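Letters A, B, C, D and E mark the chains as written, and numbering starts fresh at 1 in each.
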Amino acid sequence: ACNGGNPNSGPSPAANVPGVSNDTITIGAVLDTTGPLKVICAPILAGDQLYFDKINAAGGINGRKVKLVQVSDDGNSTKTKGAVRQLFEQNNAFALFQVCGSGNANVASSYTNAKQIPFVDPIGGGSKFNDAQGKALPWVWMTQPNYGDEGHVIGYYLTNKQHAKTVGLLYENDVLGLQQKTTLGESLQKNGAQLSTSVGYNATQTDFTAAVQTMKAAHPDIIVLNGLPGPTAKFIAAATSQGYHPPMGYLANYPMADNSWAKVLGPAGEDTYVSGYTSTAAPIGQEYLKATSADTSFSAYKFYGYINAKIFSDALMKAGKDLTRDSLRNALDHDFSNYDTGFGPSLTWTPDKHGGVSDFMFLQIKKAQLTQVSDFIKAAQVWP
Amino acid sequence: MTQKPTMDQVSGPDVAAQPEVESRRKPGLILQLKNQRNWLGSICGILALIVLPQVYDQFFGSSSAFQLHRISLIGIFILAALAQNILTGYAAQPSLGNAAFFGVSAYILTWLSSDLGQPYWIGILVAVLVSALLGVLVGSPALRISGAHLAVATLGLVTTVGTLLNYWDTTAGRQNYDLSNLPDFLNDDHTLYYFIFAIVVCLLFLSYHLLHSRVGRAWIAIRDNETAAEAFGINLTKYKLQAFVISAAMTGLAGALYATWATTASSSMSSADQTIAFLAMIVVGGLGSLTGSVLGAIFVGFLPVLLGQLPSPMLIGTFQLQISTLITGIYGLLLLLVLIFFPSGLSSLGARAGNWLQRNCSGEEQHG
Amino acid sequence: MIAFLQVVIAGLVTGSLYGLLTLGIVLIYRTTGVLNFAYGAIAALCACFMYILLTVARLNFWLALLLTLIFAPLLGIVLERGFARPVLHAPIFTKAIATLALALVLETIIQAIWPQLAEVQHFSTPFEGQAIRLGGLYISAIDIVILVVTAALMLGLNLFLLRTRLGIAMRAMADSIPATRLMGASVGRIFMLVWAMSSFLAAICGILLAGQSNLINVQFMDPILLPAFIGAVLGGLDSLPGSLIGGILVGLVSNLLAYLLAGHTIGSLDIGNPAIRDSVIFAGFVIVLLIRPQGLRGRALLRRV
Amino acid sequence: MLKVEQLHVGYGSLEVLHGISFEVPQGAIVAILGSNGAGKTTLMRALSGLIPIKAGNIELMSKPLRRLAAERRLREGLALVPEGRELFGSLTVRENLLMGAYTRHSRIEIEQDIERILTRFPRLKTRLQAHAASLSGGEGQMLAIGRALMSHPRLLLLDEPSHGLAPIIVETVFEVIEQLNREEGLTIVLVEQNAHQALDVAHTAYILQSGSIVLNGEATVLTANSAVQELYMGG
Amino acid sequence: MAEVMQAGPLLEIQHLSVRFGGLTAINELDLQIAEGEIFALVGPNGAGKTTVLNCISGLIKPAAGSIRFAGNELLSLQAHQRASLGIGRTFQQLQLFNSMTVLDNLLTARHTQLHAGILSGILPFGRSKREDASTRQQAMDTLVLLGLESYARRNTGSLPFGVQKLIGVARALVLHPRLLLLDEPAAGVPPQEVQELAARLRSWQNELGTTLLLIEHNMRLVQAVADRICVLDYGRKLAEGAPGIVLSNPAVLEAYLGRGATKKVQQEGITHAES
């Protein structure tokens, strides 16, 4: 009953809206800080916190401080629903900001959709949120790109810019990996090259020798690495220790777009390409770097949290002083047209389209540092 | 495996140390007293379960539905702990394979219900039957393998099943597996709560009787001494297999209910973590003790949820603690402390209290 | 052919790592009847300690190694005193679960004091990038180190357990703690020694694994724990050479299968898929156990009446 | 040599021994008799340090034992052949004997002692490499006795040493007891159901009933006591 | 259980051989025990006595031979099936169900006589509970018979050794077995109770017609109860026959009884005790 469906019903609208009081906005996040995704989620949470602290110190959003309540679901999608319910039924959150993992985000969205709660930034490279667009999931807004789009762009970049003819793919054996396998294959074929071999791996796999030898036997010009930092680094280490290096080296997808990965690889990783979509070149990037100058190393995940917190804060800002879930939805649907994310690509949401950014650029490891070596390429341009 | 006396087994050592006194007493008196205590306890427990939702409504107001939903989870874990306890605490099979049934059953229910559109009840029935069948499949080789070998082999089974379920998800292009079209009353947190706890109470009641029957005695005999059990005509194959099947079916039921509770199934249900959690429940609660299954399920199943409530970051003076990243460690520490102070399980707390009671009762009697 | 040999060698090396990991596990299991699930965390803690010495304290590799190898037994003693001793007389399952709880605590501690190790880091050794070439075959220096160290430790430890007074007492302790005390052996001290030795072995294993992949983080040992346990059971759990053989078998078979099955399908089933491959390996493991329930080198449990 | 004063021992809240006092002079053989459940085994366990005592004192050659752990008491020269043998089942017979000599260091002497024990119990010789778990009841009892002797104790506690032994071996055991006592001055405390034989070798004896000493005296005197004969020697 | 009444021995062991690795524990042993007989198996430690018992109750598979019991070939049956033919036993090393009460030990021993399965077991009423009630009574009766009733509700594991020994006997007896195998029942039992035990063994044999195969080192007991004795040495039969004759056999004296007994024989002469 108190869903805030009608913003003009009383003199003090905030009293009617869950999670919104005169001086605070409570927002919820489901980030796995205790389970297997801890490595990703803990820095993201730290980035979120950093940005919201900054905003709050500057007086908050439209006079209200942001209070972020985070619950961990252990990365286990059967616990996600409980976590989300806690946020909205116990902690009385206003909106959902970030759920980590594609499957987990799906579970969360089925709850938030039914309750008409805005859910911004499901952290997952799955295609569902893009495919479904705003019509099927009118309350979910995606900020990050998906693996399918990325596969297309990588295929385009490898053929048109690097002139590779044959490509090998190492992918994490899950839905996302398979999705990239499909789109990369399509894209290569369209551009006159081919995916000569692809090898799946398990997240817990430790020995990559067989994978290396299988790749080696297929003589690809370059190997695309899809997955997470640990296993992909192990693959490169294994290949190096067996004296194998593909002629054009490696290209890794965006979860590896972090200097920490470059450092992990050590000398063996020199010249490796990485696909990425966040750049610290813009003012917000510089601002972030200054704020985190005490950190031992740059963390792309923390930066991810920071810039997404910014997007979300902007949305809250645009939703106005009389904040309701509908006003936030309105702002998200209508006020984000060619919105400058501040980390490179621009973002456009319409009532029908809630997909995230789909521009990628390529970086290369030079002296253990990621250096941008291409401009942003729009997925829509290479794969209409 | 040595076994400290549990609530179900204690007798007053002081009394019995003087056989003359004891023998004058009516045989069965202690048992009657104990039974009365058990009865009283059970009835109080059931009453508490019945009124809990009302209390919650008063206390938590609008969030009471969610809080109840959370409590229902304990019920599911009690079932799983009970199943593990029958297999490990009574029939002494150190099997770590139960999470496999937990996961498979959830998938079968979800598959039948969401993909094939079968009624929920058919789904549950088939899920439990398939689990029981898998129990036979797992139990038969387990008859040849024992001890740590069995533990590791079944742990391998759980991760393999988890991998295969994940493979199924992957090939079916699923990012998660929703359990839709539940019967209406299961979508309501109050009725779901009553539904789950009705099952729990029933199964606890039936298990109590089973464990005190010929079958239960056969299991305990196998646990205490396989050779003697065999020499007294207990068919090891049959009774171990029965324990596996019952345990599997019960875990399967728990798995299906879990999927119902979470409205989704995930391959992480069949993981090493999950299966070890089941074992941890009965170790923390007390091996070979029904009360232990309940206490263990609460401790292991619910404590992490409660810890998740701690505000993060927490300020202690000027020191900012990121509790969320420490939760696992805090939980581990608590677990460790319980194991150190109650090596034979939390149920020994009850046994200690019971002993004390009995001592006082019998003291009175001697004077009277 | 070269590729095949390369896969075989890698299988041997991985298998040796499994075997090395199980040395410490079997040592504790045989002497105290504890299945130590915290072993991976202990190994990780030691390797992380060395990583910190290398990167933060910027010590020379060998000095860091030496300090770590001193640190490890001390850690073992602390753990024994603070954690294992109180549960010494607890039932076997209780001890196993307690080690799991310990693992959780240790991992949290590592992360709390060295947050950078939550993420994967580069672990460098002097052997990095060095290899011997035999024809087309690459054998990296670290692999040779692993094989040699494993063989030496296995032999030494086995002799120790079978021949020395202390070794016999350690095995005696597994049968009966009271009787061991009646023989005048200080159970507490032996127990401490067992933990010290096992932590030492864990440290070596952790360092070698980190050195091989040049990667490290808090949980980097976790994935190899289960295959190592499986190897140990395959070998028989109570025999050190057995667990090495078991470990090597697991390493070899999984590598060969991964290589041979890659890219093949049966009907629509992609048998090169890791999920299918792991299931095949597991099935094989169960079949071996059914034929030899006590493991390849284990003795059947004897209970006389 | 051994002095026990007002010893109270029990399990949990149950007290089994209610204040027992006795002395064992150097070089004596003392028998402790009593029916089932009298607390004989409990006394042996308390003396050897396997269970804690609730009150009272134990002194070995004027040294208080109360705070010493079982392993320290062995080093003080006190060895026990426990009830139920308590062998190391997964160790071989030989390794069991070696464990008995844990506190000793001379390899040559240890080997000589093993040899001596094997000549006394030839049955063990054939089973030297067998795992102790595979032994027959009597073989195991022989090993338990042999193992305790390996430590060269000054005070030997025997809890029903003749248990499960063939008559001919029982004879050997009592011979060994007498011989060690005579030749090496070994002090012995002996718990036995076999009261005849126990009183035969013992110098003095104590009779334990429900955790208290009800009778004590010279073995020969007790043997003649009609109550003792009826209660403990089968008439 | 098939009630095949037949002439000939109740238990017939033929050419039984058992080997453990290189050790031949039983070597071509032949034994015959008639229904209602009390038969004692004696011999030096490690002679193979317990092994014979283990072969009969099925805990060991012999290398060769046959064991027939009441018309059944035991070696083709599994251990638990043999119990239901009416074979009960005690163990040298107790092997009680230590976490149970004494009473539950006895209830468990009557396993083969009861029938309740899972389905009736889970119910709080019905067959299972009826069976239990009557069994409880039988168990109490057996305990009373052995003077153990005061221990009925004690946990078995912490009782004195001698008492546990008797509980082992009670547990075997509660089955009302046709053949009762006793492995050193008198070890650890005080002398005055040995006599009581002897009287009891005799009376069971008289009243219940139980056939007894007894292993014992206590010659008083053996002499008091045994109808026939077989002396085993190194897995072979050394002598067999009436106690008086066998126990004065010089070979037996030398291998088993030793000088003390020799002396005693010379002094007292061995008499066969009346029942």
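Simple rule for what comes next: a contact is a pair of C-beta atoms (placed from the backbone, for glycine too) under 8 Å apart; a residue touches a chain by one contact, two chains touch by 3 or more.
By chain, with names taken from UniProt: B, C = Branched-chain amino acid ABC transporter permease; D, E = ABC transporter ATP-binding protein.
The shown structure was predicted, so the numbers you read here are calculated from the model rather than taken from an experiment.
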**Fill in**
In terms of mean CA position, the chain most removed from chain B is D
**Asked** What chain lies farthest away from chain E once each centre is taken as the mean of the Cα atoms?
**Response** A
**Prompt:** Comparing A-C against C-D, which pair counts more contacting C-beta pairs?
**Reply:** A-C
**Prompt:** Between chain A and chain D, what is the gap in Å from one C-alpha centre to the other?
**Reply:** 75
**Request:** Provide the C-alpha centroid distance between chain B and chain C, rounded to the nearest whole angstrom.
**Result:** 32
**Request:** Averaged over CA atoms, how far is the centre of chain B from the centre of chain D? Could you give it in whole Å?
**Result:** 47
**Fill in**
Rounded to the nearest Å, the gap between Cα centres of chain B and chain E is 41
**Fill in**
So chain E residues touching two or more other chains come to 50, 59, 91-93, 95, 158
**Of all residues in chain A, the ones touching two or more other chains** = 38, 42, 173, 202
**Fill in**
Residue ranges of chain D touching at least 2 other chains are 11, 134-136
**Asked** Contact residues on chain D for chain E in the complex?
**Response** 11, 35-38, 41, 83-84, 123, 126-127, 130, 134-139, 141-142, 160, 163-172, 193-196, 230-235
**Asked** Mind pulling up the chain B residues that touch chain C in the complex?
**Response** 1-3, 88, 94, 141, 144-149, 151-153, 155-157, 159-160, 163-164, 166-167, 170, 226-228, 272, 276, 279-280, 282-284, 287, 325-326, 328-333, 335-336, 339-340, 343-345
**Prompt:** Inside the complex, what are the residues of chain E that reach chain D?
**Reply:** 20, 23, 43-46, 49-50, 92-93, 158-163, 184, 187-195, 217, 219-220, 255-261
**Asked** In their shared complex, at which residues does chain A touch chain B?
**Response** 33-34, 38, 42, 45, 49, 70-72, 75-83, 85-86, 89-90, 102-104, 106-107, 110, 124, 126, 128, 173-175, 178, 202
**Fill in**
Residue positions on chain D within touch of chain C in the complex are 48-50, 69-71, 74-75, 79-80, 82, 86-91, 95, 98-100, 102-103, 131, 133-136, 147, 151
